[in-house]
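For reference, the structure is listed below as structure tokens.
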């Protein structure tokens, strides 16, 4: 069997973000990058499946981006992927989800992957589009936001996380793509010997021009901090008036009351 | 301008959040048509066109089939925007529709702004203004970002049907697991502080937490006094939380407590003291006696 | 010159940081309060399974072969969360490295894999005695050749991890008549050996989770094969291995200093007095500037010493410089951090007082900083005349 897991490198989300020169994305200077959290669940699940299937299964990890993403690829290799594809693109952050998905789809097209794993979204962009769009472009069965995964003889049984802690149980036939959510598993730490051994695993570099065929469908006009919360308001007076005001605020400003 | 709104139906019920789509369309000033895979027994309270497919035949989760239905309605309506909630249903289905039509998708919109749509990014710390480059676009809106609108009336129904298209099989739902307090995951936390007065008053705070669908937290003095167990404690020696709504009842705002909750999206503090330090970070400071105000609020919320 | 880490080194640093944040940090405050040590032992086991107990040890003995720079990075990241765990990791690595450096093939195979895999929670490094601290050559513990075995008598003090160490590297006098330092040999003593007694545990100012005990030898009989390296050559071994250990202790100090400053710096951007954030006061800004500059200098000294060792160059002087500078920078950083938190810094509601207590020992153990200065100046002066 052939498995693919797609990962993205994102900045540490604790960082302070400043707009770049064009004002459409963050300035990367001084940011520390790491593997997107949701992609860690994807890698872990892919590696677990790889271990379960044993010999004859090949697990490839793919990432699009500048040279720095090799570190994330090496982490995935140290976690147990067999080989890696680095789609070299210094300008990856400027591409929209449609382009990113189409690059991955172009890579995967003739390779006959049985299962593709992605994160449900990236922590920095948060569009939650890439995984499903790859599946659509490749004509694969697909489900999203999974918190449980089981594979048996060509059929995946997955549980999707729905609102309010409810889960939806789904079966899909491979070839298929799933997007992974927090709660699916606890990603392993790569062991130090495996980090050193990953040096010897193959990382294929592919210039993005060889795979990019699509124009962007959406553009970012600006990247900026959210409007500052004004100072808080102080409510005083009669209790029943106060209750009315607070109810109105809860309805207006929060999703808690409808 | 025209929108096609995609309603949601789950476990045999039309979801109330569907009305947020109407709120969004209203802010856009757009004409609306709606599509729902649901039942005639539960219709949205609105008077426009409703493309209705029978949930009994089409299933609640069958994205391949639902996509077909939506594409059919898109053909008939030629909407500028096809709008979903950014929910487990919406984010799963929206990219399929966008990809089939080769049109842009803008995800999790929090506001309509000049020149496009505002979306969150970087874990909500930053915003982007995104503009579709295609004539039509698929949009998903953040839950709670737009007001609920119930314009009234009854929709004009056009029935849709489709068969097949499902590459997956939906087996069913699993109920949420019951578990102990997990403040880290709670979307609403109502916390008790020393201002609550005595242990016997704790149920009053718990009742508000329950009415708001959240968990009860507490400040350290309340835990130290053993009015509640340590698993409820918020602050440097307890848990650090960032719920959508944090209600601080009778909490003055010691720095140890603030460190544990100041990242909450929206903070309401109830305190007799107008100058309590909690006021510095609260979005709303209600100057009142906790034991008078909280039960009154609970009663209204529960209604 | 290129002052950047390799991808592998970055990954090891990230792994240590992630592990420390998720597994060590949440347990650190409770461990400091004393009592049940099982969370420490459980975490040591996990760290061993990840390969942190033999960073500079060959794969054939169960080590990770990551090199000395990675060792320094790992200890720093672990110390940012829990200094007690960090010192155990540092000493375990040192013990594994001594055995690798001077042990026979048999000795290496017998003990190093058990330390690296976590089968042994720890290894002990038993050098110091009540009468021989800064001056270990003045030790009294004796090993007497008794035909097919050695018999040890004497007592060691301040031995890290003694109650849960699986094996001890022990120094003892084998030739009383030899000039000072020329009659000491090095032995491997397994836990549980008859006559090896773990004595009382010290009640310390900090690093509470890491046990520090007296270790007594009462007619402790060990096989002839327990001698490590050449007879009467033990002191040279100790001096050599301590130099490597100092990179570990310096790295530990750096981690604690960074933890304190990172906490305090965030704090002053949140706390207001006189109607403004504390971070607006220049007095506070200078503390931040001074502390981070010194910690950065410490990091560079540590990286330089680690690099020299990794590339097989002389490193004793550099290791001493790095240990001395880093541990002093750490203590100053903790002092400033506590100052920046005001009264809150002195309470146990905030971790800074723990950092300050944990940092304090780093300028004392594995050679006090006075001894480091002695080593450094000796190295410099010997090249003059």
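Labels for the chains are A, B and C, by order of writing; each one numbers its residues from 1.
Everything below uses one rule, namely that a contact is a pair of C-beta atoms (placed from the backbone, for glycine too) under 8 Å apart; a residue touches a chain by one contact, two chains touch by 3 or more.
As the structure is a prediction and not an experimental result, all values here were calculated from the model.
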Next item on the list: May I ask you to sort the chain touch graph into line, ring, star, complete or other?
Entry: complete
Item checked: Identity of the most central chain, Cα criterion -> A
Next item on the list: Return the distance between the CA-based centres of subunit A and subunit B, expressed in whole Å.
Entry: 22
Note to self: Between subunit A and subunit C, what distance separates the C-alpha centroids? Give it in angstrom.
What the structure shows: 39
Checklist line | Computed distance of Cα centres, subunit C from subunit B, in Å | finding: 51
Next item on the list: Give the residues of subunit B that touch two or more other chains, as numbers and ranges in rising order.
Entry: 280
Next item on the list: Under the touch definition given earlier, write down the residues of subunit A that touch subunit B in their complex.
Entry: 11, 13, 17, 24, 26, 96-98, 101, 120-121, 123-129, 132-133, 136-137, 140-145, 157, 159-173, 176, 215-226, 229, 232-236, 239-240, 242-243, 246-247, 249-258
Margin query: Which residues of subunit A touch subunit C once you look at their complex with the stated criterion?
Written below: 34, 70-71, 74-75, 78, 189-193, 195-196, 198-199
Next item on the list: Within their complex, state which residues of subunit B touch subunit C.
Entry: 236-237, 255-256, 258-259, 262, 280
Checklist line | List of subunit B residues in touch with subunit A within their complex | finding: 10-11, 16, 19, 61, 63, 86-88, 91-92, 94-96, 98-100, 102-108, 115-116, 119-134, 137, 143-145, 147-148, 167-177, 187-188, 212-214, 244-245, 265-268, 274, 279-288, 292-293, 296-297, 300-301
Notebook entry, point to check: Tell me, which parts of subunit C touch subunit A in their complex?
Noted result: 7-8, 10-12, 14-15, 18-19, 49-52, 55, 59, 64-66, 70
